[in-house]
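Just passing along the structure, written as structure tokens.
Note that the chains are named A, B, C, D and E in the order they appear, and that numbering of residues resets to 1 at the start of each chain.
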Amino acid sequence: MSESETEPESRPLGPNVRQTAAEMATGDRTDTLLQTDGLVKRFGGFTATDDVDFGVAEGELRCLIGPNGAGKSTLLKLVTGTYEASEGHIYYDGHDITDLEPHERVQRGISMKFQVPSVYGDLSVRENARLPIQRFADGAERRERVDRAIEAAGLTGYEHVDASALSHGQQQQLEIGMAASLEPDLLLLDEPVAGLDVAEREAIAERVTRLNEEEGIAFVVIEHDTDFVASIADEVTVLHNGEIFLEGPIDEVKADPAVQRIYLGEEE
Amino acid sequence: MVNGINLALQFLDSFAFIVLAAAGLAIIFGIMGVINLAHGEFILVGAYATTLSATKLGLPLAAAMLVGTLVTAAFGVVVERFVISGAVPNWIGQRTVGRDFVEPLYDRLADSMVATFGLSLIMVQGARVVFGNSIDTVGTPFGNIAYGAFSYSTYRIVLSGVSIALLVGVYYIFTRTEYGMTARATIQDEETARALGVDTERIYMATFAIGSGLAGLTGALFAPTLSMQPTLGDQFLVEAFVAVVVGGPSVVLGTALSGGVLGAIQAVFTNLYGTFFGRIALLAAAMVALRFLPDGITGFIETVQSRRQEGE
Amino acid sequence: SGGQGQSGATTDTASSADVVKIGVLEDQSGNFALVGAPKHKASMLAIEEINANGGIDGKQIETYATDPQSDNQRYQELTREMINENDVDVLWAGYSSATREAIRPTIDRNEQLYFYTTQYEGGVCDKYTFAVGPTARQQLGIVLPYLREEFGPKIYTIAADYNFGQLSADWVKVLADENDAEVVGEEFIPLSESSFGSVINNIQDADPDFVMSMLVGANHTAFYKQKASAGLDVPIGTSTAMAQGYEHRRLDPPAMANIYAGVNYMEEVPTESNTGDGGFVDRYYEKYPDAPYLNEEAETNYFSTYMYKKAVEQAGTLEQPEVIEALESGIELGTERAPEAPEGETIKLDGATHHVDHHMWVMKADDQHNVEAVKNEQIPEQFLSETVGCNLPENPETTQYTPVDYFEEAE
Amino acid sequence: MLELDGVTAAYDRTPILRGVDLSVDEGEIVGVMGKNGVGKTTLLKTVMGLLEPTEGTIRYAGADVTSASADERARAGIGYIPQGRDVFPKLTVEQNIRMGEKIRADSDETLYDQIYGYFPILDERANQDAGTLSGGQQQMLAIARALVSNPDLLLLDEPSEGIQPSIVGQISEDMQAINEDLGTTILFVEQNLGVIREMADRCYAMERGEIVDEVGPTTLADEDAIAEYLAV
Amino acid sequence: MATDAPPDGGQSLAARVRARFEGPNTIGNSNGFWVGFLVAVAALVAFPLVGNAEQFSLFLVLSLLGLSLSVVWGYTGVLSFGQVVFFGLGGYTFAVVSINVSTPGGITAAVLAGVVGGGIGAAVLGYFMFYGGVRDVYVTIITLVATMVLHTFMAQTAGSEWTIGEAALGGFNGMPDIPLLKLGVGAASFQFMYNAIPVWVPGFGTVELDPFYYLALVLLVGTYLGLRALVNSDYGRAMVAVREDEDRTRMFGYNVKRIKLVVFILGGALAGLSGVLYAARNVFIDPTVFTLLFATLPVIWVSVGGRKSLLGAIIATIAIEYIRVTLGGELALVMLGALLLGTILFLPNGIVPWVHKQIRQNRPAPADAEGPETPDPTEASES
């Protein structure tokens, strides 16, 4: 892959670097929730993420955009532990989680919805919804949480329907609901509105905003729909060729000519 | 005492046995996702058809082997139509009650296992009822070669040559030809393949026929060296599955490599400690290989290749 | 045992005293069908003959026969059924020693009179079991000395890697010692193995005067083809090949050339009562024209049925304890009473051990697979009677003894 | 070119399409829009022959193809780009494309250059397994694979899903170019408003398995009116 | 188990207890089912009056083996070909311990040792596989190979060097000298084998009943109910989630490897129990239990009965083994083969789920009020 010539050779610590590795290692807490340090992922000879320092503050809602193949999904999968990092470290809540198993990361508060929806097709909506919740809630509390999760996903009345029979949008809603019901501190969403109709997009935008504002959940959202991005996020990070290309408020990023050229298209 | 030539011949022998045992299965299991517990009985068909055409019809051995292979391939087509794809029962179903009776067994590992287990019971007992508890065998051709105090059956050396040629042929067919690519695409996503104009029914049938034909060829090739009984297929089954699975995702290359690795281990241990340890070593090696190479040998090779590229 | 019908299986004959109930469990399908089918047929032949000649003590035989399909689990269930449901007076069952051992607990528990007719490793000293086939010591005992005389003292043993093979190999060592010979190599081969390249090399490497082969089963049959095509032409003595699975008929010559079988019987045994006009072979093929072969075990099933007949007639009852007592008194069959003992001369049931003093033969196959008798003599069971001291009428036990406990050479 | 008359189709027993009437003329670009789950994908699958209608007829190029199999329809010139990137994951990118080429004997080399021109990344990654491409790259591959067969009628199911904005714009332009240059007729499903407006000559609106409206060029020009349809 | 309090205090104890055994992971959550269940159990209790209980006890014992695969494969998605490994380990351990200590206390300990032996075997093999990242068909083949290793190995243990204490492993010919099953300690013990108890039954007079049959029946019914409770508990739902999608289940914070290992050990212990009873019933064990045929049977039972149905595993085990033992004649194996082939082709989800579907479809609507769909009984146990 050819390097973009506008890419600055050495990047100053951008606004996104919340905390240095040294700070992380000594456990000096700031409001930084997630910080990657020089994260590299190679597939064979191909480098999908290249020395990425990506940070998210507590309660922040950050969108991750960038061209197809930029390494966005890969970055999130490194954070969840689905992929093992080739190099670099991941710090979360003051701890180095680079070597933790995926389920341990989840138990510490990281939750993710993958790009391709994969609800448990043969289980009913209610069983799907109960699964994350039963890990930590019992009895009446559990029932209540399950009910709330189903309601928030707009699936009241579908409790006993097999999840495979839901529409695409409903499955996305259910997935977000399940990921959110773990009450994570950090929720990662990979293209939550791809393939959804306008009404559903709005519903999800509203949902994400509410979870972020009311429950204080920090988000990283990957999305190609820039209108959607604009409607939920203030800050975006642009990834390109596996590297952080630009970060900043959505309006500034959209106006950046280089971003327009590599990602948005000239005429936008 | 270990003698170099003995060891080499022993290796070739083990290698040929494993590769030939696995060849048909590599296609039917590795490519089509059907666990064929009747694999041994397909080999039986090949062996019986070969032997009977030689002893009863008086065909020369080479011609009889060709007959054995073709008969098994044809038999495979019948099994595919009636059982594996369910095409025949479904054709009847559509015409009588207006719906399909059965779902194809492709990529349904466990169900295909039960169905082919049933099939194997039918075939073994069927062979017994029709041909009795044994049939007369044909002799082994080509005599032997002698070296020092030792001598070795030439035919078994020929077998290892054939097994290598067969691997090369199958590898070529499935990776280099249009048919091979189409077959792999069909197994991965039948619907999309159909939308791209592939007659998937024919592909399934042809692939199953090739897999069966290879099993038949194995039976044909071993017919002169084994005793002909309805249960003769049993001895191939375990080696076949182990070789295919240890081989990993690239089935043909994988089968060659696992035949090589497992054959070498068996040969060395057999030579040093006798047949029992040779067999135990083969099985133990298979378990260890699967544990430490969770994606089989070819999966491991892919990983190593990408590590090497990373290093560059 | 269960609630139904088992009460007094061993004594309750009052209601069925007008017939003799015989149970026959011999394999007609599965792994042992090749060798089990002739056993079944021979039992049926004997029963048919006896019935045609007025039955046993005037009673007709009622036969219960089911195919156990070479499956030990089926054997166990069918044995219970024979005893508890069918209430048989006597039972013939099983080809392999493993099958015998699988059902023996049930046999002993129910005190069921049982005939085991396969040639076997020997050593079963069991009040209810009559192991009337030849033992390894008897079979090897005729062939090994012969080969020692003919070819020399160096022996290489190859044997199936399970009880029968291992114990037979022990007997080879004992007999080698007794005959001034020496075992120069020994290899055990798993039953699932069918490639013999390295075995053949090992034999060539050891360069013995003759090989003793106790290979067993369909997979091992391949050895004979493979050694022939490899050009291994050392003489081979065997207790297992030819007589049971008629390899000399099934395999293309010269696979069995130069092979010497130590057996009590095979179809080719040249006695008048066997191959003579109207002899055993004629009667068998008259009843079963399509049968492929009349094997060693078939003859044992056949004559032991006559032994049972004789014992019942002597006891004058079907009560099993009395019949066992009659058998233990030493039933004899002989050529003068043909057709009952096709293997030749007088054969005698040894009451103390429940084994048979067999008339043993060495049968040699040539490169056209023609078989001829090269030696024959009467050989008694020796291990239990002479070495162990098994005496069942006095000490009714249910043990299997092994040679290692009695012979240093066997270790 | 394509005519559906009272087409009803179902998975198992639940009817999804209920009496769909629709026609596409040669050389047209026709869109289908509607909310999630109304049956748009089902409609395309039925046209492709992956689902057999329980009632109604489908005519293509003057012939009744209602009971023709998918591969027959493909060979008759219908190309299909499924929703959700159904690439063959264990075939390489190049092999995936060659699978598309197989359909027709008359595919020519210039088509390749053109297609790689649209999606240069596919050329770069020719020997990568398609399953390891990023989501958007897989979508591009699916499009390219359908294009190489040079179909007469191209069925596109949400081609812009998961594609970066600049390429989305480019795809609609390319489709129009293909339509003009090669005379390919196109029937497509979309959620992206911009794409619909830019590409479609006219458009059908679907609701619960039925065509409820047909939208002509004038309405298509009206952004708010379209938004209305998509958000019904 | 669900640890939550019952949803409403007004529910009767019976309903609360029942709720533990019900849920979407088992077939049969209606009143009708439980009535049928009680009738079936009663029929099995009465069976020795009319049928061959001695033979039937074999099917009950093997049903435990079927159940062990049903939890491991049907509910957790681990297709093990090695249940017979743990079955055999259980049987052999029982044999070795009981031969060495053949007092009632020793025999009772031998039973426990057999169960533990099966569990430990599964723990070792399971740890080796699951914590090494082995998945899917690779698990199947490793377990198959483990079976073959044991078969090859056990077949050659005929010599006296293969003696553990008093107990000779006996090679291919197996171990015939297993003492009769006596449970308890000293005088407070009871012999379950060959100890028919005369019981007076109205209408039948005095009949001799086989205690082993009842022991097997109690263990089977108990195991069935226990597994029902398990699969309908929180843990059971996590198992099912692992079966449906391992990667996704990890993303909800579940330790998938541990869940698989735990279930595998449970399955091993259950298979071990089955093996103990098998050896005790036959007073014999031999390496036939490690043959390919025997290893295949559990997969066949569970597939034919319905992979995701515990009841299916039991019913199919009994049916297939009954057919295998009783079907005679030259074409017996052909018919058995055709039966298996036909069943899997025409009822791909297994017999019990098919029957369940027929009943649900044919039941008139009002009766459904009691049926599984409306009000979902899991609600009651929310879980």
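By our rule, contacts are C-beta pairs under 8 Å (C-beta built on N, C-alpha and C of every residue); 3 or more make two chains touch, one makes a residue touch a chain.
Small disclaimer: the values here were computed from a predicted structure and weren't measured.
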- Fewest touching-chain hops separating subunit D from subunit E: 2
- Item | Intersection of the contact lists for subunit C and subunit D | B
- If you average the CA atoms of subunit A and of subunit D, how far apart do the two points sit, in angstrom? 30
- Query: From the C-alpha centre of subunit B to that of subunit D, how far is it in Å?
  - Reply: 41
- Item | Intercentroid distance (Cα basis), subunit C paired with subunit A, Å | 76
- Measure off the straight-line distance from the CA centroid of subunit A to the CA centroid of subunit B, and report it in whole Å. 47
- Taking each residue of subunit B in turn, which ones touch at least two of the other chains? 125, 234, 238, 276, 279
- Task: Return the residues of subunit A touching two or more other chains; collapse runs of consecutive numbers into ranges.
- Result: 43
- Could you say which residues in subunit E touch two or more other chains, in rising order? 152, 156, 330, 332-333
- Task: Going by the contact rule at the top, pick out the subunit A residues touching subunit D in the complex.
- Result: 1, 43, 46, 66-70, 73, 115-116, 167-170, 191, 194-200, 224, 226, 260, 262-268
- Item | Residues of subunit C touching subunit B in the complex | 29-31, 33-34, 37, 161, 187-190, 192-195, 197-201, 204-205, 207, 218-219, 221-222, 225-226, 228-232, 247, 249-253, 255, 292
- Show which residues of subunit B lie in contact with subunit D when the two form their complex. 178, 181-182, 184-185, 188-189, 191-200, 249
- Task: Over in the complex, which subunit A residues touch subunit E? Could you list them?
- Result: 80, 82, 101-103, 106-107, 111-112, 114, 118, 120-124, 126-127, 130-132, 134-135, 138-140, 142-143, 146, 159-160, 178-179, 182
- Provide the residue numbers of subunit C that touch subunit E in the complex, in ascending order. 1-4, 6-7, 28-29, 66-67, 69, 71-74, 76-78, 80-81, 84-85, 96-98, 100-102, 104-106, 109, 161-164, 166-167, 188, 190-192, 400, 402, 404-405
